[in-house]
Amino acid sequence: MDIWKLLLTGSVTTVLAFVVGMLYMGLRRKITARVQNRVGPPIYQNFLDVMKLWSKKSSINHGFMQHVAPLWMIATSITTLMFIPILNNGSTFFTNLTFEGDLIMLLYLMVVGSLGMALGAGQTGNPNSAIGVTRGLTQMVGFEIPWVMALVALMIQHRTTTVAGLLDVQVQSGTWLMLSSPFAFIAALLAIPGMFRYSPFDIVGAPAELASGPISEFGGKYLGTMMTNGAIFAFVKLTLFVDIFMGGASNLGFLLLKTFALYMFPVLWGLVSPRFRTEQAVRFFWGWPVFFGVLGLIQAAI
Amino acid sequence: MVNDKESQKIVDIIQNFARQSSLFVLAYGTGCGAIEIPPTMTSRYDAERFGIRGAATPRQADVLLITGYLATKSLKRVIRAYEQMQNPKYIIGFGSCTINGGMYWDSYNTINRLDMYIPVDVYINGCMPRPEAVIAGFAKLQKLIQAGKADGWDRYQKNLEFYRGNQKKIIHNWVMPDYNW
Amino acid sequence: MSNIIIILAIFGWAILTYIAFRLNKTLGNIFVGLIAVALPVYYFTYVPEDYSFQVMGLTLQFGFTSFSSLFAILVVILGALTLLYSIPYMNKKDRLGWFYLNFLFSIGGMLGILMSKDFVSLFIFWEIMTWSSYLIVIFSGKKVNKVGVKYMVYSAIGAYAMLMAIVLINKWSGTTNISHFFETFADYSNGAKILSSLLLLTAFAVKSALMPLHVWAPNAYTNSPMSYTSLFSGALSKMGIYGMALVAIMLYTNTGMKFFGEALAWLGAITAVLATFWAVFQTDIRKLLAYSSIGQLGYIAVGLGIGTELGVMAALFLALLHGLFKGILFMAAGAIEYRTGKTDFSELRGLIWKMPVTFFSALVAIIALAGMPPLSGLISKWLIYEALLSSEHYFLIILIFLSSTAAFLYCFHFLYGVFLGQREDDIEDVKEAPALMLVPMVLMSFGLLALGTFPGLIFKHISSSMSYLGFNDVTWEMSVLTNEWGNKIYLTHLNTMFMVVFAVFFVIITLVARKKTRRVGTKDIANAGEPILAEDNYHFSQDFYKPFWRVISPVMKYRIETFYNSFANGIGEFFQFFRRVYTGNGQTYALYVVIFLTILFIVGATLI
Amino acid sequence: MSEVFFRTKDLSTINIMNEQDILNKILDHFGNKVTGNVKREKRVELFATTNTIEDVLLYAKHQLSFIHFTQLSCVDWIEEKQFELVYIIWSPESKVTILIKVRVDRENPVAPNIDYIWRHANTFERELREMYGVQFEGLVGAQDFILEDWIEIPPMRRDFDTAEYAKKTFFDRPGRENARDVRETIRQNSGEEIPEFAKKYSR
């Protein structure tokens, strides 16, 4: 592995993920505004927010864990991004470290950030933060189950555990896995809003109830880092999902198209849904999504 | 790089642009003016198109919006919330009561002039100001920020003795932590 | 000869230590320190050699196999470290001689189990280990009726099962040699196969706290001193795993009785899920860690039960790793108990800067426990999942995943409840634990860090020990993991990547903005403008996972203890009924005699 | 207060009474300790003392079904050097409101605590303690209820000059020293005319 090439492609990928994620979040705000019959902020508003947060002249720090929590999160996101193939055409530019990891590792890598966040929130001493964290972790137990069921079904059926392997399956057969394994796809799709923590699964950081939960003591550069991380991580999740179920993309245009189409699902669902309580959210995830997950497993077994 | 005066100026312009176009508002809504905030934020007047949005806690907020009269008891909480915000931070005094006491000018438990206790950047007149006036106030604040004149946080820091003296005149039992900006 | 000498030396030293403590406390502590140093030095330098002698017509054989020496490494390292840790931890207690006597006897007993090549000596050492651990469980003198009796009853069940198995094996094969039993096992009748292996499995499952024989474990782990619990949970329970591995692989997998292996795997998975759920709702650090131990042992049972190469590798790796991280965690709990005297979450908070070394050791251990990169827990989890995937255990993997996701809940609870949150004033004078308690924790944390990137250090031993179990040519690489489908993960790249990105951002955010940052206390929080007074405390410690409890409470209602209790009550009732026969009235007894004679007469008459 | 008052009467046996009946019953029961009159329809006024007020309230609550405690308020009769506590109770049976007025000495205002009869009377009593300085014997509750850090005389007393206090404590905006319309002051100072559209809002 050429270290300089990795540095170059890695930074390009990270910047791409950041820009795309930010624009998607801006679009979400715009779409939300349009649905509510408002004009809404410009779609580059999130860039301004992050710039402003980084140009704050002071920031408050409650302790070491709060200091490292945003770094922990963003390190996780970028590491995860490096292990996800951006394009499926075998171009070496966006490959990064794709062939050096697999899905099980990614599943664990993706929750590292949550633990870092949880510890940072705990360090602040704000009870709202800790309550938010317990809700978030509980919700995570909920949506991970259908998501893992879908992945297990695909991995056993196609006898590979890498994202690249699943991409190859789709490129060679010419069929997207969302068509050939519809039940697994539905299970995973229903888990997506939980991963994004959009409404109706947004009790973790509900501003009205918990004063924005885990991040209630984070401001300035910490909050800016977290928003950056959120953008990158959103791109990571969308790309991973597109790679697994929607055949990846042969160029960036298709990638944007597919990820945007996918992103619209949690956004639009969130717009018309009131908020679930934590136990309702978990019961929801262990209801229909798990049912479809079981169907997916049965399909894979047959 | 930042020591150079010219480049500092450019950085300032960019930073001020970012600051003025992204205002996270902590609405301190104990006064009656708080009822004007929902229409300002929702579909009729839609303040979000100017980058104005609500913040849940003082740590994340840029603007402290004080909507209406302040009792001496709630002044203590306002000071606390203001000191927890992170620089640069701005205050908008909202309604006549924050300017001169309004209809409570002679009340024993309502302060008259907010700017004697915390540095106010923009006042919005009216009892109560309509959402248009609120948005006009925000636009004024944005202009001040862009020009680098919204320096209430700096004034507060420099004249802390003066503000503390006025605050302690009302709050006799001072149990708050020290201000560290 | 040198094999048996090490054990005899430990036993002899134990008695010497006891005498030394009767004479002088300092002398006794020196004795303990000496053996803690001498044990690993001797173990890693001596040349193993087999030894056997005959007594009463039985041949007792000793000698490490390549499989048991893997566990011996764990026992020796953890034993030495816990002994070191005990010196300051137990310093204020009484009856230290008795404690260390039992401590050293259990270490000797474990080594004896590992070097027994026949069932009789295995049983003898097993009983030595059980009894010494029992005496330490009741060492504090508290809850002897509740905890000690429970532990004793379950240990007795295990011991009787093992004894019965040994007698049967001796009857069938004429010898008690272990390897002979495994070699000739295929020739047994089906009933004999099932009976002997199930009896052995029961005996071992009790020690490794497999559901439904786990009931003793939480209380026993909680009630013994924490320095011993590290060894108890880290090494002593692994003796059960050692035996279970032998039974599951040598008997089930290698002889085609796959069904029992599957059953073991399912039992392990259910153990893992339920124990994890219970761990989530504990309000005591020690209880939480105890249930977490049971859960982790469940994972190991899953790996052994499915019996594929990766599965066994995962199980053995996790067995060693669990010794390390649970050792750290129980030691951390002990350090907290030593300094604050409290172990309940509702009384602890904010210790992070009071006990920083403890916190960072515990953090490393928790990250390893949760299976997150860049630490070694990921490797064990990865191996288990890959083993389950490639052997197509669809639902088992979901259960395991549920359990390990729920494990994040108690991991966070442990770290937050003890080390984070708002600090209370009555812990102001808490100090970091003594250096001798920190050294073992720090050493083991470095071990976990090293294994996270270079698991090959352990795979070397695991692959040689797996050849004893019948898996020849187990491939391993220093820092690359490969599953059966050829998919790899490169741990060096993963961990370097993570750490480099982390370091870069750390430098940026720390240096570039260092002048802007202000440190404030945990009481300076955004609390709707209300200043928090010195006497207020807003630490969140009650009903920590209430929403999760609301979700899973329908499952948690059914506790196996309830069943056991009603069973015990039922037996009691049954015999109460029979006791009524003895009325104490002479006339009734006379009536019984008449009835008995009548029945005898009738029966006799019909028979004739 | 005697034990018998604590037995609540069965409500079904109570006949709907008019104001005069209620007044007569109370006056009969308390003899010359209590005086009173019917003020108007559905409104009875009683005059009691600090010694009898508990008995009157208990009798009204348990015997006459005045189960609703509406309010406790206070009037400052500064000329007579007295405070007048006004207990307002109401009956859902007869729909009659009784105002029981008790005079206490202004120099040493002490009244019995009645929050064992109605729990929420505690709130009113704490308010009066803070706003008038009336002491209720054995009243439990934090001292700082509505006012925080108050060091002056209780602010609702008539001898407390709120305007002067405000002038002394707070900072007047120039032009708003008195009750005059600010616009008038501005016009006076600067000579500017009030715009036409704003005139209708001016006083």
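Each chain gets a letter, A, B, C and D, in the order it is written, and its residues are counted from 1.
Note that a residue touches a chain if its C-beta (ideal position, glycine included) is under 8 Å from a C-beta of that chain, and two chains touch if they have at least 3 such contacts.
Just so it is clear, the model here is predicted, and its values are computed rather than measured.
Undergrad: Closest chain to the protein's overall Cα mean, using per-chain Cα means, please.
TA: A
Undergrad: Would you identify the chain whose Cα-based centre sits farthest away from the centre of subunit A?
TA: Relative to subunit A, the chain whose C-alpha centre sits farthest away is D.
Undergrad: So using the touch definition from the top, which pair is joined by more C-beta contacts, B-D or A-C?
TA: A-C
Undergrad: Distance between subunit B and subunit D based on Cα centroids, please, to the nearest Å.
TA: Centre-to-centre distance between subunit B and subunit D: 38 Å.
Undergrad: Which whole number of Å gives the spacing of the CA centres of subunit A and subunit B?
TA: 35
Undergrad: Which integer distance in Å separates the CA centroid of subunit A from that of subunit D?
TA: 60
Undergrad: Would you mind listing the residues of subunit C that make contact with two or more other chains?
TA: Residues 518, 520-521, 523-524, 526, 528 of subunit C each touch two or more of the other chains.
Undergrad: Mind pulling the subunit A residues that touch 2 or more other chains?
TA: Counting only residues that touch two or more other chains, subunit A contributes 56-60, 211, 216-217, 220.
Undergrad: Would you mind writing out the residues of subunit B in touch with subunit A in their complex?
TA: 14-15, 17-19, 21-22, 24, 42-43, 46, 48-51, 53-54, 56-57, 59-62, 84-88, 181
Undergrad: Quick one: which bits of subunit A touch subunit B in the complex? Just the residue numbers, please.
TA: Where subunit A meets subunit B, its residues are 29, 33, 36-42, 45, 48-49, 51-52, 55-60, 207, 211-212, 215-220, 223.
Undergrad: Using the touch definition up top, name the residues of subunit C that touch subunit A in the complex.
TA: Subunit C reaches subunit A through residues 350, 352-353, 363, 367, 370-373, 378, 381-382, 385-386, 389, 392, 394-395, 397-398, 401-402, 405-406, 408-409, 411-412, 415-416, 420-423, 483, 485, 487-490, 493-494, 497-499, 501-502, 505-506, 509-510, 513, 516-528, 538-540, 544-545, 547-548, 550-551.
Undergrad: How about subunit D: which of its residues touch subunit B in the complex?
TA: Counting only subunit D, the residues touching subunit B are 146-149, 151-152, 155, 160, 162-163, 165-167, 169-173, 175-176, 179, 182.
Undergrad: Would you mind writing out the residues of subunit B in touch with subunit C in their complex?
TA: Checking each residue of subunit B against subunit C gives 28, 57-59, 76-78, 80-81, 84, 175-177, 180-181.
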